[in-house]
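Once you've had a glance at the structure underneath, I'll fire off some questions.
Labels run A, B, C and D following the written order; every chain starts at residue 1.
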Amino acid sequence: MVKVGIAGGSGYGGAELIHVLLRHPEVEIVWLSSQQHAGKNPGEVYPSLRGFLDLNFSRLEELRPADLDVLFLSLPHGQAMKLVPGLPAELLVIDLSGDFRLSDPEVFEEFYQFPMAAIEEQKQFVYGLPEINRGRIISARRIANPGCFATATILALHPLVKEGWISGPVYVDAKTGSSGAGNSPAAGTHHPRRSNSLFPYKPFRHQHLPEIRQALGNPSTPLIFQPYSAPFVRGIFSSHYMELNRKPAAAEVCSLFLTHYGADRFIRWVGENPDVNYVRHSNYVDIGAALQGSFLTVWSALDNLQKGAAGQAVQNMNLACGFPEEAALSGAPVFP
Amino acid sequence: MVKVGIAGGSGYGGAELIHVLLRHPEVEIVWLSSQQHAGKNPGEVYPSLRGFLDLNFSRLEELRPADLDVLFLSLPHGQAMKLVPGLPAELLVIDLSGDFRLSDPEVFEEFYQFPMAAIEEQKQFVYGLPEINRGRIISARRIANPGCFATATILALHPLVKEGWISGPVYVDAKTGSSGAGNSPAAGTHHPRRSNSLFPYKPFRHQHLPEIRQALGNPSTPLIFQPYSAPFVRGIFSSHYMELNRKPAAAEVCSLFLTHYGADRFIRWVGENPDVNYVRHSNYVDIGAALQGSFLTVWSALDNLQKGAAGQAVQNMNLACGFPEEAALSGAPVFP
Amino acid sequence: MVKVGIAGGSGYGGAELIHVLLRHPEVEIVWLSSQQHAGKNPGEVYPSLRGFLDLNFSRLEELRPADLDVLFLSLPHGQAMKLVPGLPAELLVIDLSGDFRLSDPEVFEEFYQFPMAAIEEQKQFVYGLPEINRGRIISARRIANPGCFATATILALHPLVKEGWISGPVYVDAKTGSSGAGNSPAAGTHHPRRSNSLFPYKPFRHQHLPEIRQALGNPSTPLIFQPYSAPFVRGIFSSHYMELNRKPAAAEVCSLFLTHYGADRFIRWVGENPDVNYVRHSNYVDIGAALQGSFLTVWSALDNLQKGAAGQAVQNMNLACGFPEEAALSGAPVFP
Amino acid sequence: MVKVGIAGGSGYGGAELIHVLLRHPEVEIVWLSSQQHAGKNPGEVYPSLRGFLDLNFSRLEELRPADLDVLFLSLPHGQAMKLVPGLPAELLVIDLSGDFRLSDPEVFEEFYQFPMAAIEEQKQFVYGLPEINRGRIISARRIANPGCFATATILALHPLVKEGWISGPVYVDAKTGSSGAGNSPAAGTHHPRRSNSLFPYKPFRHQHLPEIRQALGNPSTPLIFQPYSAPFVRGIFSSHYMELNRKPAAAEVCSLFLTHYGADRFIRWVGENPDVNYVRHSNYVDIGAALQGSFLTVWSALDNLQKGAAGQAVQNMNLACGFPEEAALSGAPVFP
């Protein structure tokens, strides 16, 4: 059994990690931290977990890396970069924050509004999107788990970018559920406002934009990324609008995606019928598209806490530990 | 034109007051206060109101009662009791908080957890539920506007209590929308938790319980009041379960309510089909019931910010000022 | 008092017309039709309207145009074109369906999938979007009320098209609430599916696309229109992505819209903060934008049953009857 | 591997059965039926299941019982009673409908409004609520799976009834999510009506009432059962109000439940904090209570498609097949 710790286990990302890891046959959760809830059982913070763990939250300062085989970091942006430099090289570290995703410190500071403080350590991190980077993940000891929006958009665009089909700008209209904002009440997640509506935020300046561009090889085509707060709890639904430099048949578009993702269990092609309902509580990404002449719309739908965070983190752990890639992740999406 | 001020105009109750008063033909809003938003236009705090008021929020300290005919107090519990003793007797004051609703200071302290600090002033307050207290409201200068839950339950039970039909305890299962908790984000109104669920709070100790009992004449029958946080924004739906000391025909129950409320424009009898959808954004209360032998279930549905707060406050103002009772309140509920 | 009839009064559009007209000071509703609910009072079909109308639904066949000054048609697509040819020329007819919006019968048939059967009558219809067509509406006797999506997109794009700022394709990502689908239960409005999710429909083939293009003067720039079913009841939120042939300052974009719509009471400029919450239950359209270099995103938010249907129909009636344009429509949007 | 068939696999209950059984280590799904979708793969009807089953829906007429070890019946009320008489005695049959739950045919007809047509077969059925009937389930070949509301209320009341604590009537206020109404669109599940509201149905006449009474041993105390349609998709939250014939300490109430359900993995005691959020997508039932003097409120929360239907059906299969009771059901509830 692999011994796993989770730093920052009381956020939604941490709670989802616990949830997924509890059903993992090769893993034992041996350590959890929460500054706010140190001393409490996770079931006191998340009553859904009542009775599932004998372990209480520690404080981050009590971390003893030598007791662990794998450490997930599910901390607020800016904290992992302080912690990682002190961790032993052989420990498998999977960071769910944005700290180690960007290789260019200037870009990092522009979008995160504070400096990247662990530039050397960043170089050891592999970007943990298995469908485009599986080979490097398998041998990594440091994995930067992708952002939720970034996962949705990179997977939607990667085959098109790689094959050079895109002509001109790509516009991304990305809608996220409220769980993406975490478990601290705030104006944008206040129920009277978040229900029954939809509103944009961070135009042209969301921190996942440079992450998407980097993962796609910094293509020369402009990428406009616009996130929205949508009135559901779980899920990301991302729409990608573009013009192609050709007029493919619909079957060619389908074939392009099937070819690229044919070996990827967690990606499903769904034609014109993507829907957050059909990926929820799973690690699956449903990708579909509609076409008219040279105009193409590509959609991707995923669960922001699963493939957008904890599920993907476990998928990365599985790869880096030599477990079956789908261990603990093979369940079907849940509907209704 | 009557000159109106609103102290505490930046809460949901205050915003709804503004909304209702804007369509009142006899009223001019001349003063608004907000400690948090002093200096701002209401449209900056509530973009729904953009362009509707030339007036900015003042600080409460800037209140000049002599400039006003009517002052609505829409402040957190405990603040009106500090303000009212300094107000001129001839000013019509309508308080939307719980400060002046209870005549027994001991009961007040038991349920509000702090002492009633204006005991003498409280005696001048009339309980502002027009359907049971219209006569006294007409000549009042101090009106304690009822609580939202209290309004729903008092109106559901009043005819039955008055006619002495109830035998044994009454159980109240009262569901409220999230706007009832105000505009400050909190754990119970965090979208991921408040959506898709329903949960109880304050068993046996909600502050509207003594208000209900007092308005019903402190009947000897036990009253169990249990509020729930429901996953909608607007509305209260209250269920009242009881055994009667008789076995009336269904038509007699209907007749009881029609007789009591026959002259009350804002009360509608709806049989077995009450629904929050059909009272929303109006001052109406829909009351219905189902009967089997001596067991009776009475339901009431209202909009918590209208008949449960601002709408009823304006209804009270209309009565105390000699305006038509339905002025600014005559609109139909809005569905869908 | 103007005598008004509503054919098709039992759909959501008809119910909203009733709701708006009830508060109109110059109007009397004298006739309503519903094939399904003939003989019933509107309050039986929409309990929100209990007690508000003494009039029962007639059958459409009972229409006596001579008794009416204004006739609203709120019928399923394809029915108005059968009815209108038999109506007297002097009757003011406002059609809320798509039947008379498109001047090109071939385009009509392509998008509606059935032939346009009243081609001559169509020529007498004026497109009822006051903000771009007020002059012609004032003297019209036949008004084709715009589609909900069309209203949102035309108003968002009109100043940019008119001034020739747009370079290359415009992509429209338009999200609608479930009330837009009407009051008949269907798979796409089944609560378990429609809640908590978001899904696209009719890619490249929604019938509002040619309506938008026609109203904008059939610009040569491609327009990609993609509607989505969003998990709220009321509202349309539409996002428009494009590249400009210039790099304006943000203030110039603001100024462009203010200049074009400066005299239009129902349009508000909201910068980067559009939100369905702030227009609901009103005739207002909130328009905003974000800019980076030559890339512009324009947002519009409106209530699909008000400015997107019944509110705009009454606005058109007001213009054609010489009433104040805002009669019955001057209320502030309702939030929360 | 046990060979399992599901008759009626295209309803929500059937889809949830598929979902649970897919993760069962001892089970193979070998047959599925759907009259409406015969010939289709389940992934075409429920895209969440795309890629998870190689099996297509058959027609019910194609059932070959000899190929099966276990047959789940997830058919509309009234169909199982036609099918069961022709099934071999040794086949384990678990019926999720109400057909075989009631032992009194007169009561059945009163509440279901059609006659019980398989009276003899009914006598072979065991009521499948493991927490009160485990011993008989273990050796059963015919199991009547309980109703969703019935499960919530029986488990909330059983210890109190058994110990004779209840004095006088018990009032049940039971709220259900929309998935309980199945996957056919209807007025009560139309999104514009079902969202943002809450409404009662079937007062005093819901078919789960006699089921509850029978399972509790037909106690002499009156039981008033009132169901509500609540605006969430999954879950039942049931409130039970009563007076006791004693004034226990809160700890005694807790102890009563812990003693009765101490060995029952799927029941958790949660004090004053029950919440549908914390049981969703699991087979758990959270039970809590609040007490004042002799007045007791007991709450139960469960997932209507899991412990209220498919989860409990699998729990019953596990018992009857000698598998671990929690096989395929051990996952933690999912929040957010």
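As a convention for this text, a contact is a pair of C-beta atoms (placed from the backbone, for glycine too) under 8 Å apart; a residue touches a chain by one contact, two chains touch by 3 or more.
Everything quoted here is computed from the prediction, not taken from an experiment.
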What are the chains that chain A and chain D both touch? B, C
Intersection of contact sets, chain C vs chain D, gives A, B
Counting only C-alpha atoms to place each centre, which chain is farthest from chain D? C
Pick out whichever of the two, B-D or A-B, is joined by more C-beta pairs in contact. B-D
Between chain B and chain C, tell me the centre distance in angstrom, where each centre is the average of that chain's C-alpha atoms. 36
CA centroids of chain B and chain D: separation to the nearest Å works out as 39
With centres defined as the mean C-alpha position, give me the chain A-chain B separation in Å. 45
Contacts with 2+ other chains: residues of chain C: 12, 179, 183, 192, 195-196, 231-234, 273, 275, 277, 280, 335-336
Please name which positions on chain D make contact with chain A in the complex. 12, 15, 19, 22-23, 46-52, 179, 183, 195-196, 233-234, 268, 270, 273, 275, 277-282, 286, 305, 330-336
Any idea which chain C residues touch chain A in the complex? 168-169, 171, 173, 175, 177, 192-193, 195-200, 203-204, 222, 224, 226, 228, 230-235, 237, 239, 241, 243, 272-277, 280, 290, 292, 295, 297, 299, 335-336
Which of the residues in chain D end up touching chain C in this complex? 12, 178-179, 183-187, 189-192, 194-196, 231-233
